[in-house]
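After this come two complexes, each holding chain A, first together with chain B and then together with chain C.
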Partner chain A sequence: MMHHSALLLPMVILPLAGAFVLGVLRLATVRERGMAAHHFGIIAAFGPILSFLLALGLLVQINGLPGHDRVLSQSLYQWFAVGEMRVNFGLMADPLAVLMVLFVTFVGSLIHIYSIGYMKGDPNAGAFFAYLNLFLGAMLILVLGSGPLVMFVGWEGVGLCSYLLISYYNDDRANVAAGNKAFIVNRIGDLGFILGLALLFWAIGDTGFDYADLRERAPELTPLLALTVGLLLFIGATGKSAQLPLYVWLPDAMAGPTPVSALIHAATMVTAGVYMVARFSFLYMQSVPAGVIIAWVGILTALLGAIFGMFQRDIKKILAYSTISQLGYMFVGVGLAAYSAGIFHVFTHAFFKALLFLGAGSVITALHHQQDIWRMGGLKKRLPITYVTMLIGALALAGVPPLAGFFSKDEILVAALATGHPVIWLLGILVAGMTAYYTFRLIFVVFHGTPRDAHYEEVTESLRVMTIPLMILAAGAVLAGFINLPPILGGHQLLSHWLGLEAHHSPHIKLELLTILASLTVCAVGIGIAYRRFIPTAVEPVYHGFARFAEAKFHVDELYDSLFVQPLLGAGAAIRRVVEPRIVDGPVQAVVWLYRAGADAVSAVQSGYVRVYAIYMVVGVGLLSFAVYRLLVG
Partner chain B sequence: MADLLALLPLIVTTAAAIVVMLVAGFSLFGREVMALLTTGLFMFCFFVQAATLVSMPFFPYQQTFGSMLAVSPFSGVAGLIILACGGFSALASQTYFGHNKGYVPEFYAMLLFAACGMLLLTMAAELITLFIALEIMSLAVYVLVGADRERLLRAEAVLKYLMLGAFSGGFFVMGAMFVYGGLGTTSFAGISRVLAESGLFTSPLATAGFLLILICFLFKIAAVPFHAWVVDVYDGAPLPVTGFMATAVKTAVFCALVNLLLTDGSLLSVWRDILWYLCVVTLFTGNLIALGQTNIKRMLAASGIVHSGYLLIAIISADVTGASRTVIGFYLAAYALATLGIFSALSTLSGNDEKRISFADFNGLAKVHPYSAAMITVFLLSMAGIPPTAGFMAKFYIITAAFSAGQLVLGVLGLISTILSIYYYVRLIAAMYFTTPEDDFAITGLALAPAGTAVLAVAVFGFSLYPLGW
Partner chain C sequence: MDQLLLNPGFPLLSAMVFLPLVGSFILLPVKSDEQCRIVSLAATGLVALLSIALVIGFDNSTAAFQFGESYRWIPSLDINYTVGVDGISILLVVMTALIMPFCVLASWSYIKKRVKPFMICLLIMETAMIGVFVALDFVLFYILWEAMLIPMYLIIAIWGGPRKVYASIKFFLYTLAGSILLLVAIIWLAWQNDFSFYIPDMMWQPYALSAQILIFLAFFLAFAIKVPMFPFHTWLPAAHVEAPTAGSVILASILLKMGTYGFLRFALPIVPDATFYLMPYVLWLSIAGIIYGGLTALAQQDMKKLIAYSSVGHMGFVTLGIFILNKQGIEGAILQMVNHGITTGALFLCVGMIYERTHSRDLHVSSGVGQYMPVFVTFLAFFSLSSFGFPGTNSFVGEFLILAGTFEFDLTLALAAIPGAVLAAAYMLRMLQKVIWGGANNPDQSYLTDLNTREIVTLAPFLLFVLWIGLGPKPFLAMIDVSVVELLADLAAHKSEMLAATLVH
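Then we have the complex of A and B:
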C-alpha cells in the first residue's frame, strides 16, 4: 500500500525552476555587463535550501507511517505507452530515498552557499549556478523516481551536468577534453545500464515497470537472467561511480571548479551507482554471484585507488583517488548484501569527503590556484579554520574513532567477514591502512613543516561564506557515524533498522572486535608512517621503481588510449579516406546531379508569362478531362 | 438564435473589419496604432472563435441558415488557424512597413475582410455560398498583394494573380452550373443525397461540373499543373501578405475542399485515383521548383506547393470519419506556425525595400543575430519535418494515415519527398551558420515582429506535444 505525498514534486521542481530562472537571467544579462556572480549564487541557493526543508518534512511524514509500510508516492502522469509498455512518470520515497535526499539537499545547500564565495567575480557564474541547480534537480529525480526509467532520466541528467561543469573553465582545452572523457566513459557504462533495463523489461516488465511491480515479480527471474541483468546494470554503476575498469574519468574530472568536485564528484553523483544497486536490492538478492562479483570489483578498485592516492602530488587528485577507493568500499557493502552498511558509508562519506574537497578549495583559492602539495606547506598558521576542519575530515576518512568513517567502514568489513570472504576483509584492512597514510601525508605536507609557497606571507583565510559550510560539515563528519552505532559499542543500529533493506541478523561480537582491533592498528600504523616521513619537515621525494609506476597510475590511461582510442580513430580515418570518397560519395553525387538537372529543366518551364501559365492550366484541364472520360467509359 | 451563435465569430470579424475600414477612412490613427489595433481585433476574434468552439454543443455538420452553412469542429479549428494567421501577419506588417514603402491604412481592413471571406469559406455548405466566400477572400487578397501600386513587381504579381484567378473562378461557376443542371441541387447535403441514390456517373453533366470545381480548388491550393502562378505572386507580394496567403488562404481553401469531398464517401472515391497522380506530380515538381530558387520567398512559395501535396496525401487517405480532418487540421496548424514564423522573421530582417531576400543575403546571420538565426532554423526544420518540431509530428500523422489507409506507395513517395525537401531548407541554415557575415544586418523598427516570431518558435515545439486523439 502506497501513501500519497505532495512534497515530492515541489522538491524536484524547485531546483529545476532555479536552473531555468538562472539560465534566463544569464542569457538576458550576458550582453551587458552581466549580473554580479554572488547575485546569481544567492538566487541559486534558494532551490536546494527549500528542497532540504521539504526533505525534512518528508522525513516527518514517513516516520508517521507504520514500520513495514513506509512508501510515499506521487504519481504525475502517464509518460508513454508503447504496445504493452505503460510507463508512468511518478515519484516515490522510501526510507532509503529519504536518507539520500536528506544528505543530497543538505550537502548541496552548503556547497551552493560555499560557491557564492568561491565563484566570486567569475564572469560566467550565472551558467555555473544554473548547471549546479540543474544537477541537484536531476539528482533528486534519480533518487525519487518511481521506476527505473524515471531514474534513468535523472541518471543522464546528472551525467550531463557533470560534463558541463567539468569543462566549465573551457578556455583551457585540457578541461574540455576532461569533460569529453567523463561523458564518453559514462556513455559506455550507460550502454550496459540500458541493456540491463531492456533485458529486465523483456523478462518481467510487461505488467508494469515500476519498482513496486518489479519487486513483486523479481523471483520469477532465472538465476542466469538475474546474474546478467545484475551485471549489466552494474556496468552502468562502474561508469557513474568510477569503478574498475571505467574509473579513469574521475581524476580528470577534477578540472572542474572545486565545489563541483565536492558536490558531484565526491558526495552525491558518484554514489548514484551504489544507490542504484541498493535500489535494485530485490534483483541482486536473486543472484548471489552478481553480488560477489560487485564486491570483488569494489575491493580491487579500493586497492587501486589507494595505491594511486599514495603517490599523487595534486591535492585534488589525491582526494579523487581516495573517492574512487571509498566508493570501492561501498560496493563491497552493497555487493555482499549489507545494503545498509554500504548506504551508511555513502552517507558518512558525503560529509567528510565534501569537507575535504571544500577545504582543498579553500587552500587552492588562498594560494591563487596552486594545487601541487609540494608547493604548499606550513599553512596551518595561515589558514587555521581550514586546517582544523580538514584535520577533522582527515581523521574521519582515516577511520579514527569516534568519527564518521570509522563506524561505516568497519560495518562493511564485518559484513565481508560474516559472509565468508576473508580475502576481501584482508584487502579492506590493508586499504584502510593505506587510506590513513595518504590522508595524513596530505595533511602533514600541506599544513605542517616549512612554507614552500613564494607568497606565503600574503596568504589569508577564506571568506566567512566559505568557512561556515566547512565548520558545519566538520560537525557532520564528527557526528554522522553515531546514527548507526553497533550494539557492541552500545548502540542499536538505528539506521539499518530504519532503512529495513535486509533481514536483520544477530551481531557477530567476535568478528566485530577483530575488525575494530585490526583497523585501529593499521590506521595507527598508517598515520605513524606518514608522521615519521613528513614531520617535522617533508622533502619532496623522487620516485623510483614501483612508486614511479604508481605515480604514473600504472599507465592505464595510455593503455586505454592505445587499445581503444587509437584504433577507433584509425578506423574513422580509414573510412574518411577510402570508404567515403570512393564508395559512398559516387552515388550520392550522381543523385544530386540528377536532382539539379531536373530543377533546371523545371525552372526553364517557369517562364513568367501569364499566357504560358494559362496554357498549363488548359493542358491540365485537358488531361483531367481525358482521365474522367476514361472513367466514364470504362 | 443558435444559428447566430454559431456564426458569432464571423459576425464579430466582419464588424471588426468595418470598424477598421472606418478608422482608416478618417485617418484616426498612425500606422503603428493601426497594426496594434488590428492585431488586437484578430486576437479578440480568435478568442470568440475559441469560446464558440468549446462552448457550443456541436453536432457534426450542424446546418445553419437553411443548409447554406455548416459549422463543425473542423471549420472551427480552421477558423482559429485563420484568425491566428491574421494576427501574426498584422504584427509582422507593423515592423515590415517600418522600413518598406507601400503602406495604406486600408491594408488592415483588407486583412480583416479577407479573414471574413475565409471564415465563410470554412463554413460554406452550398456551392453558390462557397463561390461568394471564395470571391470575398480573393478580392481582398488581390488588394493586399497590389496595394503598393508604385512598385512594378507588385503590379505584375497582382495582374497575374487576378487574371489566372478569374480564369479559375470561371471554371468554378461553370462547374456549379453543370452540377445544378445534372443533379438539381447545389447544397452539399442535397448532392450527397442524390449521389447516394443514383451514383455520380449517371450524370455526365454533373461529373464534368465536379471536375471544373475541382480544378478551381487545385488552382487555389497550387497543385501541379495549376501551380505556375504561385511562385511569381508570392514573390511579388509584400512579405507579411505572402505569409498570410501561404497560411490562411491555404487553410481556408483546404477546409472547403475537405468539406466538399468528404461530405459523402462516393465523391472522394471517384476522384481518388486522379488525385493520386496529381499529388505525386505536385510533390516532386514542387520540390524541383524549390530547389532551383535562389530567392527565399520564391523557395518558400515553391515549398508551399509541396506542402499542398502532403495535404493531398491526407485527403486521398481519408475515410469519412473525423480522423482525417484531425490530421489535416493538425498539419495546417503546424505548417501555419512555421510559415508565419519565417515570414515574420523575414519581415524584420529583410530591411529597406526587401533588400535581403536571397540565400546569399543571409550569409553569416548567426554570428550577428544568433537568436533570429536560431528561430529561423527552428521554422525551417519544422517545415522539413525534423523532430521534435510540430512539422515532424504533422508529417508523421499524415504518413501514418496513408499507411493505415493502404496507400503504401503514396506514403513512401511522401517520405522520399521529405528527404528531397531537406536540401533546400538546410541550404538557408548552412548559409546562416557556415559562412562569414558580409552584411551588418542593421534592423530598424519596433520589436513587435521579433516578439511574435519568438512566440511562434516556442509554439513550434509546444504544438508538437499536443496529443492527437484518433
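Then we have the complex of A and C:
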C-alpha cells in the first residue's frame, strides 16, 4: 500500500525551476555582463534550501506511517505505453530515498552557499549556478523516480551536468577533454544499465515497470537471469560510481571547480551506483553470486584507489582516488547484502569528503589556484579554520573513533566477515591503513612543516560564506556516525532499523571486536608512518620502481587509449579517407566511369568534320546498297 | 486494412497536396523577393494549419485509410487518383506539413538570389512529398516519387555550394537508378491483380516466394537508396554538404523517411514472405549502418557531413526497428522517423545559421562560437542531446522502444546495435564541445551576433517537439498504434495461412 505525498514533485521541480530561471537570466544578461556572480548564487541557493526543507517534511511524513509500510508516492502520468510495455512517470520515497534526499539537499545547499564565495567575480557564474541547480534536480529525480526508467532520466541528467561542469574552465582544452572522457566512459556503463533494464523488462516487466511491480515479481527470475541483470545494471554503476574498470574518468573530473568536485564527484552523484544497487536489493537478493562479484570489484577498486592515492601530488587527485577507494567500500557493503552498512557509509562519506574537498578548495583559492601539495606547507597558521575543519574530515576519513568514518567502515568490514569473506575483510583492513596514511600525508604536507609557497605571507583565510559551510560539515563529520551506533558501543543501529533494507541478524560481538581492534591498529600505524615521514619537515620524494608506477597510475589511461580510443578514431579516419571513397563508393564511381568511357568512345566518332561524315555516308549507302542487292537477288 | 473511409466533406488531403502547387502558380507574377517569401510562407503555413485539422479529425481507433478520396484519372488503364492516411502515414504527413514553413523561414536571408524560383521549387517539393505519403494508387505514388527528384535536384544544383554540380547529379542519378526497378515491380504487381493499381489490392496476396523475392529486391533497391542504408548512402553526404539549409532540412527530415515509409507500406504487406526470408540480411545491414555511420561521423570536420553520417546511423536504427517485426520495434521505428525528422532537421538549421555568419561549415572555423552566441549554443546543445538519445528527449523513447523490441527478437542483434549509442554520444559531444567552447586557439568570433527573433522562432518549435515527444509521447504513439497492431496481425495471419498451405501440399 502506497501513501500519497504531495511534497515529492515540488522538491524536484524547485531546483529545476531555479536552473531554468538562472539559464534565462544568464542568456538575457550575458552580453552586458550585467549581473554579478553572487547574485546568481543567491538565486541559485533558493532551490536547494527549499528542497531541503521539503525533505525534512518528507521525513516527518514518512515517520508518521506504520513501520512496515513506509512508502510515499506521487504518480504523475503514464510516460509511454506500447503493447505490454507500460512505463509510468512518477515519484516515490521510502526511508532509503528519504535518507538520500536529506543529505543530498543538505550538502547541496551548503555547497551552493559556499560557491557564492568561491565563484565570486567569475564571468560565467550564471552558467555555473544554472548547471548546479540542474544537477540537484536531476539527482532528486534519480533518487525519487518510481521506476528504473525514471531513475535513468536522472542518471543521465546528473551525468550531463557533471560533463558541463567538468568542462567549465574551458580555456584549457584538457578540461574539455576531461569532460568528454567522463561523459563517454559513463555512457559505456549506461549501455550496460539499459541492456539490464531491457532484459528485466523482457523477463518480468509485462505487468508494470515500477519498482513496486518489479519487486513483486523478482522471485520469478531464474538464478541465471538474476545474475545477468544484476551484473548488467552494475556495469552502469561502475561508470557512474567510478569502479573498475571504468573508474578512469573521476580523477580527470577534478578539472571542474572545487565545489563541483565536492558535491558531484564526491558526496552525491558518484554514490548513485551504490544507491542503485540498494534500490534494486530485491533483485540482488535473488542472486548471491552477483553480489559477491560486486563486493570483489568494490574491494579491488578500494585497494587500487588507495595505492594511487598514496603517491599523487595534486591535492584534488589524492581526494579523488580516495573517493574511488571509499566507493569501493560501499560496494562491498551493498554487494554482501549489508545494504544499510553500505548506505550508512554513503551518508557519512558525503559529510567528510565534501568537507575535505571544500577545505581543499579553500586552500586552492587562498594560494591562487595552486593544487600541488609540494608547493604548499605550513598553512595551518595562515588558514586556521580550514586546517581545523580539514583535520576533522581527515580523522573521519582515516577512521578514527568516534568520528563518522570509523563506524560506517567498520560495519561494512564486519559484514564481510559475517558473510564469510575473510579475504575481503583482510584487504579492507589493509586499505584502511593505507587510507589513514595518505590522508595524513596530505594534512602533514599541506598544513605542517615549512612553507614552500612563494607568497606564503600574503595568504589569508577564506570568506565567511565559505568557512561557515566548512564548520557545519565538520560538525556533521563528527556526529553523522552516531545515528547508527552498533549495540557493542551501546547503540541500537537506529539507521539500519529505520531503513529496513535487510533482515536483522543478531550482533556479531566477536567479529565486531576483532574488526575494531584491527582497524584501530592499522589506522594508528598509517598515521604513524605518515608522521614519521612528513613531520617535522617533509621533503619532496623522488619515486622509483613501484612507487613511480603507482604515481603514473599503472599507465591505465595510456593502455585504454591505445586499446580502445586510438583504434576507434583510426577506424573513423580510415573509413573517411579510404573505405568510403574507394570501397563503398567504388562501384558507383565504376558505373560512372563505364558510362563516361562509353560516351567517349561514341563521341570520338562524332568528329564534327563534314568530310568525315561524308565518308560515313558513302560507306553507309554502299553497305545499304549491298544489302538491298543481296536481298533482291537472293 | 484494405478499406478506405471516404471523406464526404472538405477534401482535406487534396487541399494539402495541391495548395502548395497553387501557391507556386500564384508566385509566378509576383515581382519582389519579399512578397515571394511572404506568399510561400502563407501557402506552407496554411498547409500546416490544415495538417492540424487532419490530426484533430483523425480517428485513432481504426486501421483503415481515413480522409479517403478517389477520382477517376486514366479510366482506360484503371489508374485513379486515390489518397488516404492511416496510422503509418499520418505523422509523416503532419511532420512534412509542419516543417515546410520553417524551411521557408530558414531561407529568408540564406537565399539571396533567384528567390522566386527557389520558393517555387520548395512548394512543388511539398506537393510531391505530401502526395507520396497519402497516395494509395501505385501510379500516382510512382509519379510523385520521381517528381520529387526534380525540384530537389534544382535546389542543390542552383543554390548549392561549390561542388553543387557533382552533388546534384549524383543525387539525381543514384536515386533515379534505384527507382527504375520499382516501376517494373509495380507493373508486375498490377498485372497479377487484374491491372488494378490500387495499393491495398496488392497486399497479402499469395504470390510465389521466388516472385516475391524479386519484387522485394526491386523495392529494396529503391527504398534502401532513399533511406539511405549502408552501403547505398554515398550520395547523401555529398548532397547534404552542397545543399542550402532548406534543402538539407527537407532531405534529412522528409526525403529519407520515404524509404522507410516504403518498407512499411509496400515491402511488409505486399511481399511478406520475402520479408521474412530476407529479414536477417536487412537487419545486419542496419547494424552495419549504425556502426559505420557512427565511426565515419567521428572523423568528420565538416559539420554537415558529420550530421549526414549520423543520419546513416540513426536511419539504421529505424530499419532495425521495422524489420524485427514486433510491436515495440515498428512503433519505435515510426516514432524514430518523426524524431529524426525533428532533431536532424533542427541540427541542419543550426549549422545553416552558423554558416550564414562564418561562411564555413568547418568545425575549426566554428570553434568557440558559444562565447558570443549563447542562445544559439543552448539550442544546439538540446538538439545534440536529442540526437544521441538523451532520456527526456524525443529520440530516447524511440530508441528505447527499438532496443527493447530488438532484445525481444534477438539478443546478439541488440548487443551489436549498442555500440552505436556510444559512438553517437562521442561524435555529437565532439562537435558540441568544439562549437560551445573550442580551445585555446579559437578563431576570433567577436564579430558574431547571436540569433535574431526570426531564427529563434524557427528553432523554438523544434525544441518544443523534442521535449513534448520526449516527456509525453503517448498522443503520438496512440495515432500509430492501431495501424501497427493491424499490420502485425495481418502479417501473423498471412504467415499461418502460408504455413497451412504448405502443409496441405
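As a working rule, the second predicted complex is superposed on the first by the 582 of 634 C-alpha atoms of A that agree within 3 Å, B and C clash if a C-alpha of one lies under 4 Å from a C-alpha of the other, contacts with A are read in each partner's own complex, and residues count from 1 in each chain.
Note that a residue touches a chain if its C-beta (ideal position, glycine included) is under 8 Å from a C-beta of that chain, and two chains touch if they have at least 3 such contacts.
Note that the structure is predicted; figures quoted are calculated from it, not measured.
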If we overlay the two complexes on their shared chain A, which of chain B and chain C does A:Leu511 touch? Say first, second, both or neither.
neither
Quick one: is A:Ala418 in contact with chain B, with chain C, with both, or with neither? Answer first, second, both or neither.
neither
By the touch definition at the top of the document, which applies to A:Met617: first (chain B), second (chain C), both, or neither?
first
After superposing on the shared chain, does chain C or chain B touch more chain A residues?
C
Identify the partner contact of A:Val556: answer first if only chain B is touched, second if only chain C is, both if each is, neither if none is.
neither
Which partner does A:Val465 contact after superposing on A: first (chain B), second (chain C), both, neither?
neither
Looking at the overlay, what does A:Leu426 touch: chain B (first), chain C (second), both, or neither?
neither
Which residues of chain C touch chain A in the complex?
170, 174, 230-231, 233-235, 292, 295-300, 327-328, 331-332, 374-375, 378, 385, 390-392, 397, 400-401, 403-404, 407-408, 414-415, 418-419, 421-423, 425-426, 429-430, 433, 436-440, 450, 471-474, 477, 481
Complex interface listing, chain A residues touching chain B:
595-596, 598-603, 606, 608, 610, 612-614, 616-617, 619-621, 623-625, 627-628, 631-632
Any idea which chain B residues touch chain A in the complex?
159-160, 163-164, 167-168, 171, 201, 204, 207-208, 211, 214-215, 218-219, 225-226, 228-229, 231-232, 270, 273-274, 285, 288-289, 291-293, 420, 423
In the complex with chain C, residue positions of chain A that touch it:
23, 26-27, 30-31, 77-83, 85, 89, 149, 152-153, 155-157, 160, 163, 167, 170-173, 176, 179-180, 183-184, 187-188, 191, 194-195, 198-199, 201-202, 568-569, 571-573, 575-576, 580, 584-585, 588
